[in-house]
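Take a look at the structures below.
You will see subunit A twice below: alongside subunit B first, and alongside subunit C after that.
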Partner chain A sequence: MPNKSAGLTGRALAVYSKDMKVELRSKYAFNAILMFGITTLAVVSFTLGQSGLSASLLAALFWIIMFFAAMAGLAQVFVREEETGTVLALRLAADPTAVYLGKLFFNLSLMILIAFVITPVFFIFTDAPVDNILLFVLVLILGIVGLCAATTIVAAIISKAGIKGALFAVLSFPILFVLLLLLVSASTRVLEEATLGGIALELQGLVAYSGVMITASLMLFKYVWQE
Partner chain B sequence: MYKLSVINLTKRFGFRKVFTDISFELETGRALAVVGPNGSGKTTLLLTLLGGFRPNKGTVTFQEDERVMPAETIRDHTALVAPYLNFYDNLTAEENLIFFSAVSGGRVTGKELTGLLEQVGLAGRGDDPVGSYSSGMKQRLKFAAAILKQPQFLFLDEPTSNLDNDGKKMVFDLINGFKSRSILVLATNEKEEQQLAEQVCRLDR
Partner chain C sequence: MWWKIILLSGLAAVIVFSFITPAPQNIIGEASRIFYYHIPMAWIAVLAFALAMIYSIRYLRSKKIIEDIRARSAASLGLLFSFLATVSGSIFARVTWGSFWNWDPRETSIFILLLIYGAYFALRTAVAVEEKRASLAAVYAIFAFLTVPFLVFVVPRVVPSLHPADSVIGADFKFTMGTTVRLIFFASLAFFTVLYLWLFNLTCRVGVLYRKIIEEESL
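== the complex of A and B ==
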């Protein structure tokens, strides 16, 4: 009889490390997201030249890039299971909560990795002020958690559909709209050199958004995951 | 002692009835053969029993020592071997087995893996990506995963498909091994496989 001691954490880690191995060997999602981010940044920065942008436009540009980068790659986490036909084996073997958490952490890792590349390039290309960089990173982390929390559950919903790419963006947009408004507002203030207290309201909103989204996803995922 | 009770199970896809009012009861050590022509719903019945499809009517109950097993624990006690069940092509056979064991809450050692692969005729191929396997080798790997899990409820859909004569002999030996300690449900039209079961469920198109 095999040792059945592993709890939810161990099972979620198994899903996470499996997805990391598959991604490291195919690099499909990573390349798709990175190429989108770098291409968009390069086009925008060469178009703008040295004209300079206001803090609100810079913040909007940054989160537009992050939003579409997420759209380009994060759905793969479920779409790939569906397209390679492995979804049945996973569904029969794994607890739905472990699958959701494993996929969520995988998407988080992917977006953090992408942010490590895109954020410095964004600051270099746009000449945005870097005085408040720690606060910007805090907003970035909360933004990534919110983006991943929302896109992971939407990816699970659209994975069975025929036109996955279009549906992913259409379904994600209304869910992410509030998050993007909060992120653009917080990032604008950070670029205008606001203090931590100055963006407290936005930070509370971001934490609440991710909390609600992850809790709702954990409650709903098993129904999305079946049949 | 484990028990599988199915009462008046009915499944429809839209207006099309797949099967109606299927009922049976099985205890550990017993096997059921699900037979019927192509398209009669054998695979759908197996997947409905496993929770892959929600039935339109009827109940499926898994019991352990006369107590109904909670839904969230059932998947740790069940396994399916079927031609349409796909493993991860980018991972090696050993990585697949480690993953499916871990995700079911188990743990497996390197020595156990080596023995397991030898048992299913895949000795020396554990480090190869599953994408490079033939369909017969993939079928053998699915049996390795089932052995690793040691399920109390084993579901087999065309268990000898894609296998050569050696592979078929291995499967019959394995099924006979499983029979003493598990409940078996086989979807098949092969006479030899049907003879392994004491009960038969016949489906019509």
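== the complex of A and C ==
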């Protein structure tokens, strides 16, 4: 752990690299999210058949898979601290803002890694045509940022509560609903016509959503983190 | 005491006049009378959420448990009124659009509001320590309230709407509501709001007394 004199970026990066080290030792969260995603994907693809699915159905399926994959493992970053009893040490070693940013970056890298695996497999399984890959990747990245922005503080909340597993999805869904709606709408249009101008409204909404959620989390996180 | 008499006679007058005056909307007919009750319910559901958020902020600033009791009381009544708004809206949807539920943006928003209230109470029951429960619930209430602007401004643009609200409280408001209709509607809105605030006050007092009994028993 760094001393308190290091800058905010330095302190956040220290929390991030600590979490990365812990994750690389066990790979628990990564495996949980990845296998959950692949399993859901296989079930969906197997039951619906290979081709001929409409763009809106494909977009909805893709984001439902991503949502449940995220629900399977994103809480781990805080639950782990509670289970191993390292909360107090981390609370002493770093300030709330640095902890929040470190954990947010950790969840972001986790989801981006997962998306790297799940997205190609999704397109192979469903045989969906994508004309504009760059635009789809842009929506995907904004979606992952939004997912992590909204769920990181919820993960911190549920790590202090009794029943953790079910509560994470219950608390996250109402907040993520708007995001999922925007993402499904944007992805549908990307799969259908693939122009940047066609999804301008959704892109604005996605950026605004992530901005609001991260700002609010930075302001509220200390009330969750400190006893 | 005097205001309770006004409230009682006011609500009685609203109920009587909402049925004996001509129906507020010609095309839908008699069923359109539900709007005298449906809109106040929906308005109170949102008002209660805003109150819960304000008291949650006050709790986080002062750490006084009374603010948490107020936030919880506002939310518990909000849950009741959002349920009433959902049910009355659903009945109205059956009459006008032919099905009880069709994921119109307004239906979606009220459903998400119901889910948020549900999640809020699920969180409260999952935390045993009082102070911890209060601050976690407060953070969640504030965080969840931030989705309201998105539900109001973003969702209707992404999902197509059939809801008549845009013509009732929209720009052409004056054309769709006559003087009698407007009078009954705003009286209903005002009296139901007062009723909510009274219920809110009672729920807070019950909450305080309940906490006192628990404390005395544990001594």
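Just so we're on the same page, the second predicted complex is superposed on the first by the 219 of 227 C-alpha atoms of A that agree within 3 Å, B and C clash if a C-alpha of one lies under 4 Å from a C-alpha of the other, contacts with A are read in each partner's own complex, and residues count from 1 in each chain.
One rule holds for everything that comes next: contacts are C-beta pairs under 8 Å (C-beta built on N, C-alpha and C of every residue); 3 or more make two chains touch, one makes a residue touch a chain.
Only a predicted model underlies this, so the values are computations on that prediction, with no experimental measurement involved.
Look at A:F173: by the touch rule set out above, it reaches subunit C but stays clear of subunit B.
By the touch criterion defined above, A:M213 lies against subunit C but remains apart from subunit B after alignment on the C-alpha atoms of chain A. Contacts of A:T84 after superposition on the shared chain: subunit B is touched, whereas subunit C is not. Contacts of A:M71 after superposition on the shared chain: neither subunit B nor subunit C is touched. Using the contact criterion defined above for the overlaid structures, shared-chain residue A:R11 touches subunit B, although it does not reach subunit C.
Once the two complexes are overlaid on the shared chain, A:A98 sits against subunit B while remaining clear of subunit C. In the superposition on chain A, subunit A positions 227 are in contact with subunit B in one complex as well as with subunit C in the other. Subunit A makes touch with subunit B in their complex at residues 1-7, 10-11, 13-15, 17-18, 21-22, 25-26, 84-86, 88-95, 98, 226-227. Subunit C makes touch with subunit A in their complex at residues 60, 108, 112, 115-116, 118-119, 122-123, 126-128, 132, 135-136, 138-140, 142-144, 146-147, 150-151, 154-155, 157-159. On the side of subunit A, the complex with subunit C involves touching residues 153-154, 157-158, 160-163, 167, 170-171, 173-175, 177-178, 181-182, 185, 201-202, 205, 208-209, 212-213, 216-217, 220, 223-224, 227. Subunit B makes touch with subunit A in their complex at residues 47, 50-54, 72, 75-76, 78-80, 84-91, 95, 99-108, 148-150.
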